[in-house]
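Paired with subunit B in one complex and with subunit C in the other, subunit A is shared by the two complexes that follow.
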Partner chain A sequence: MKYFYLIFSSLKRKKIRTGLTIMSIMVAFILFGYLTAIRQAFDAGVEVAGADRLIVRHKVSLIQLLPQSYEAKMERIDGVDNAAHSTWFGGIYQEPKNFFAQMPVVPEELFDMYPEFVISDEQKAAWLETRSGVLVGRGLMDRFDWKLGDRIPINATIWGKKDGGRTWEFDLVAVYDGAEKGTDTSQFFIRYDFFDETRANGQGLVGWYTVRISDPDKAAEVAAAIDAEFANSAQETKAEPEGAFIQGFANQIGNIGFIIMSIMSAVFFTILLVAGNTMAYTVRERTNELAVLKAIGFTDQGVLGLVLGESLAITFVGGALGLGLAWLLVSMGDPTDGSFPVFYLPTSDLFLGLVLIVVMAFIAGIVPALQAQKLQIADALRR
Partner chain B sequence: MTDNNSSETLVKVSSVDKIFKRGSEEIHVLGGLDLDIPNGEFLALMGPSGSGKSTLLNLIGGLDRPSEGTVEVGGKRIDKLSDRKLAAWRARHVGLVFQFYNLMPVLTAQKNVELPLLLTKLSKSERKKRASIALDIVGLSHRAGHYPRQLSGGEQQRTGIARAIVTDPTLLLCDEPTGDLDRKSGDEILDLLQALNKEQGKTIIMVTHDIHAADRASRTLHLNKGQLSVDPVD
Partner chain C sequence: MFNWISQVVSVTQFSIRSLPQRKGSSAAALLGIAGVVAVMVGVLSIAQGVLKTMQSSAGDSNAIVLRSGADSEMMSGLGGEDTRLITEAPGIARDASGAIASPELFVVINLPMRTTGTDANVPLRGVQAPAMTVRKNFKLTEGRMFEWGLNEVIVGKGARQQFAGLEIGSSIEVGQEKWPVVGVFEADGGLSESEIWVDAAVLQPAYRRGNSYQAVYVKLNSRDAFNEFKDSLTSDPRLNVKPMRESDYYDSQSTTVYNLITGLGTLIAVIMGLGAVFGALNTMYTAVSSRTREIATLRALGFNSGPVVISVVSESLLLAFVGGVFGAGLAWLAFDGYRAATLNWASFSAITFAFDVNLKLLAQGITFAMIIGLVGGLFPAVRAARQPIAQALREL
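Here is the complex of A and B:
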């Protein structure tokens, strides 16, 4: 503790250089925090995906539909606990930029399949009583400032109505919260029975199935059994774990995790050079002072510690400011204005940021610190 | 070791060689040098540039090690101490005064003087108190909060002396302490060193080029080509 004053005083030596270095590090950590939140938004579905859930879709592609009759057949397969279908509705609320997922589902099946959706019994009952009712996530409701009882018009892009109209009107009767922080609360669930009766075509067809299995360790066997059940039929299936399905869906945009990691690696490598250069200059300029410290009794290890301490101080100030600002920016809302299912900086990544601060300080400071440690007093005092 | 007994030998340098290597070339700076310094002496070391004065001072202060021979201070062989033990020994027993003061520009005079005390177990308030006393001894109490750049050369050197004496060291090693000062400031520094020697019994070894400064010492030795003599070099 008594050396803090010495360490922080040394940082005041070249205020502009120290300030610029701190700002560089700060920018790197802002990027780290913000990009981590974006990666989290893409990965959230994968992370909260149930290990005991499979997704079964058409073997050709997700947009090919499957018969509703598959549900009963799947539920007869050994290891299958329950199956529930969903369909992509793909409508537009007011304007195309207001994107969010809308899916017709069977309410009872949804309640059973997704225990992480927290809904009051009263609102469950209201949805079951209202054929045009919808269940929406809290995040989506907040995004558009909806209230229970609102009538929400959605313009269909895929599913026209029997009456020739393309505007569907739904009643907001229930809202769900996420049991976990990463639970997607940006979805809009329509009742399948209402949807199936009202749509102009495609009756009896669904988009995909979510299948709950009794033993997650047997996911591969059950998936193979499902695919085998429908092999050589008109609509063959592809069954896979929910996490893999969501990951594959996200990967349609690109390998977001890899892209973000690449950007962050480049940023951190550059900043490491900046911080390392600062520390190298700091030590080179102070050869004489460091020799004096040794002359008056500081040990080699003590001087090494002081230089590493300075490196840590610079990196910590910049890194902590960066993480703090990133947290602030993330808490101000997602950059897509609500299209991300979740957008937050996980606590574990904040800790990872702190670890990165220490690692960066060590790498940037160790070479100059070792030079300072090896400094020969008599030689250095003669310079 | 801190007893002010003038008959006791405090520093004993025996058969010391110091060889510097520059690439394949060997430079013999000191050769078979012997020197005894009694406790409480104020010794001036004179000699031309490159004669080895500062090298000898560094060996006595444990800042460097001899190539051959032994250096004893207070009966202890310091040339055989490990780096860590030597650093601790310097912190406890040696006060250093440099020609160019070598103060930390980012620390106030008070904090500069406190620096050696960081290596002790003293509390913050005790460190502050001792540094204030040292500054008072050198007559700089009123400049304690000033940074080196705000002090004159003489004041900076007095701060350097306060830093050197704050741990109450056995030995005070001064490498051309007046070399960067005008005559008036130089005299003030020499007055101060003399007072520390006479009133507080500090053993002082001072390297100087200045015969006027050497006159203040109780003994003057001349170093030339690695050998000591009482007579000046021609």
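Here is the complex of A and C:
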């Protein structure tokens, strides 16, 4: 207890300095939390990707289409549980900046393939009954303030309609929630049968397949078997685990993880300088007092602990405030106004933040603490 | 007045000469500010790089024609007959071989990125001969041009650097066929340098495009010829197309990426800057408090508080300036010209670009540092000037 009291009173000694140091540490941890959430937004798909799902696309590029007949052929391959196709619709809602993914799918296949999409039975039935119906994610629905029953016009950029028009109208009949925090709820699913009979061309062609396999450990073998099945055909395929596919896509945007790590290093280096400098000052200013403490019987270790404790106290208050504020900021919504499929601060990163607090406190405090420990009483009292 | 100025000069000199006594804390503040400026300039140089690539793609008197309703080449589609009508429109510049108008096909091919080994959507463009005249300063830097009608490709400088397997002598696989790379080209740092080029007549069957194209690039007689060109196309009942100036088109292509990076970069810089302000305040409060008696003595001798305030603020500004220059210089050394690739959402294809640390960014960074220095120095300065002399003199 006496240590707590001593630490507390030394923090009170220069209130402005303590306050400013706490604030700068707080800023570092706000950035830590915020940047972590941004990285998470880019990586989200990778983490929640099903280990038992493969993505099969045209070998040459993602923009080339595959025949719908591949589905049955794939389902006959050993180790394949189910195959379902999706196609990129690429339409525009009102204006291009309102970007979100729209995909024609077969509803029953989707229910089976993505157990992480939580949909009420009633709405499932409604979607199965409405040919022009769509299933949308909760996040997307909130972003545009849509309600069940809304009619949503989408301007097609790729798929013109048979009647020559380019505006497709869809009825919002069902909504899905994510079973996990990281589930992407920004998607818009159209019924494939409606899509196929309405589009002007490309009948029977689909974008890519999602394939569920019975044994995730055999992913590589099954992927090879699928590619072998279509080798030397006009449309060869490339099959890869869903996680790898999403990771590859994120990599195209840039090495987000690396950029964020670099920024974080710069931030922590900077703040460490500030905090370390403050601690060094505190010790230098109090050389006399520390010597007195030693003279009245405090051990060398005791003094060492005292200085480290002070460093920990400052860093902890600043860090906890920062993490708290970051959490608040992140829960207020993402900076791109809805372009990120998910935006949240993962619990595991909060713990990482706590570890960082302790590490930073130690690094900032250790040199001054060692100085304090080594202090010779007679010497120091004379200064 | 003269007296006042000489007071300012001497007090400022005094405080700056005593800087070495406060090495530790001054260096911490300086490096802190340098860190903020380096990160800010570094992140913003990504956005500048993308913007520069887009802007240098645009020819002054050039236009691009897409299907109406399409926002990028990827989404567009023009029949062979449409492209013939477009190339016959008025206002298009001509040379010995006819109208300088280039109907082109734009698709992507998956090739691994060098940095990660994962696939990227590398743009693959089918061209006809005028493509090289339409583009600004197109030139082959290595190898030779592909033979028309053969399965050969040439690759842009940026594409060769960022994606694997694009050296001269290697080949890309398109379905069952292998298309050898025979040359490397430059185009003023523009977008085409991220692309692979092939004869349009070769690409059409390979991607099952029949006799269709996606865009027509034209060089006009002059910048002013655009309206005539545009009117003639939009009023033609046989066509349903959208002509745009190249500069407008490329601007629209980069807006999303530019705004996203600039927004995030600014946000990060502002939050970090706040941290640096606290650091600078700390340093200057410490500096002022360690000189409490000196300052009080000066004031007892008859120096005004104005010069005292100015001396503290200029010390802080000096630290911030040096820190800012240091940070901006660091960012310039580390990032300027660094090449990377990203995905252009508008066209669903990769673009390669070089980070661009330009003068405007350097000036922005140093200005930002000075603001941090000003805020960090002002409060401690006012405090120093306000302290009652008698009390300050008595302080330890």
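Here is the rule we use: the second predicted complex is superposed on the first by the 381 of 383 C-alpha atoms of A that agree within 3 Å, B and C clash if a C-alpha of one lies under 4 Å from a C-alpha of the other, contacts with A are read in each partner's own complex, and residues count from 1 in each chain.
To be clear about the criterion, a contact is a pair of C-beta atoms (placed from the backbone, for glycine too) under 8 Å apart; a residue touches a chain by one contact, two chains touch by 3 or more.
Small disclaimer: the values here were computed from a predicted structure and weren't measured.
Enquirer: Tell me which partner A:L381 touches in the superposition: subunit B (first), subunit C (second), both or neither.
Expert: After superposing on A, A:L381 lies in contact with subunit B but is clear of subunit C.
Enquirer: Looking at subunit A, which partner touches more of its residues: subunit C or subunit B?
Expert: Answer, by number of touched residues of subunit A: C.
Enquirer: Please indicate which partner A:D300 is in contact with in the superposed arrangement: first for subunit B, second for subunit C, both, or neither.
Expert: A:D300 contacts subunit B only, not subunit C.
Enquirer: Just to be sure I read the superposition right, which of the two partners does A:L62 touch: subunit B = first, subunit C = second, or both, or neither?
Expert: Second partner only.
Enquirer: In the superposed arrangement, which partner chain does A:E289 touch: subunit B (first), subunit C (second), both, or neither?
Expert: first
Enquirer: Could you look at A:S348 and tell me whether it touches subunit B, subunit C, both or neither (first, second, both, neither)?
Expert: So A:S348 meets neither subunit B nor subunit C here.
Enquirer: Would you sort A:Q203 into first (subunit B), second (subunit C), both or neither based on which partner it touches?
Expert: Neither partner.
Enquirer: Quick check on the superposed pair: does A:Y5 touch subunit B, subunit C, both, or neither? Answer first, second, both or neither.
Expert: first
Enquirer: Note which residues of subunit C are touching subunit A in the complex, please.
Expert: Those in contact with subunit A are residues 24-25, 27-29, 31-32, 35-36, 38-39, 42-43, 69-71, 74-75, 107-110, 113, 115-116, 118-121, 173-176, 207, 256, 260, 263-264, 267-268, 271-272, 274-276, 278-279, 281-283, 285-286, 340-343, 345-346, 348, 350.
Enquirer: Write out the stretch or stretches of subunit A touching subunit C in their complex.
Expert: 16-17, 20-21, 23-24, 27-28, 30-31, 34-35, 38, 59-64, 90, 92, 96-97, 99, 155, 157-158, 166, 232, 234, 236, 238, 244, 247-249, 251-255, 259, 262-263, 266-267, 269-271, 273-274, 276-278, 280-281, 335-336, 339
Enquirer: Going by the contact rule at the top, pick out the subunit B residues touching subunit A in the complex.
Expert: Its residues touching subunit A are 54-55, 58, 61, 63-64, 83-84, 87-88, 90-92, 96, 98, 102, 104-107, 111, 115-116, 118-119, 124, 163.
Enquirer: Residues of subunit A touching subunit B in their complex?
Expert: It comes out as residues 2-3, 5-6, 9-10, 12-13, 288-289, 292-302, 376-378, 381-382.
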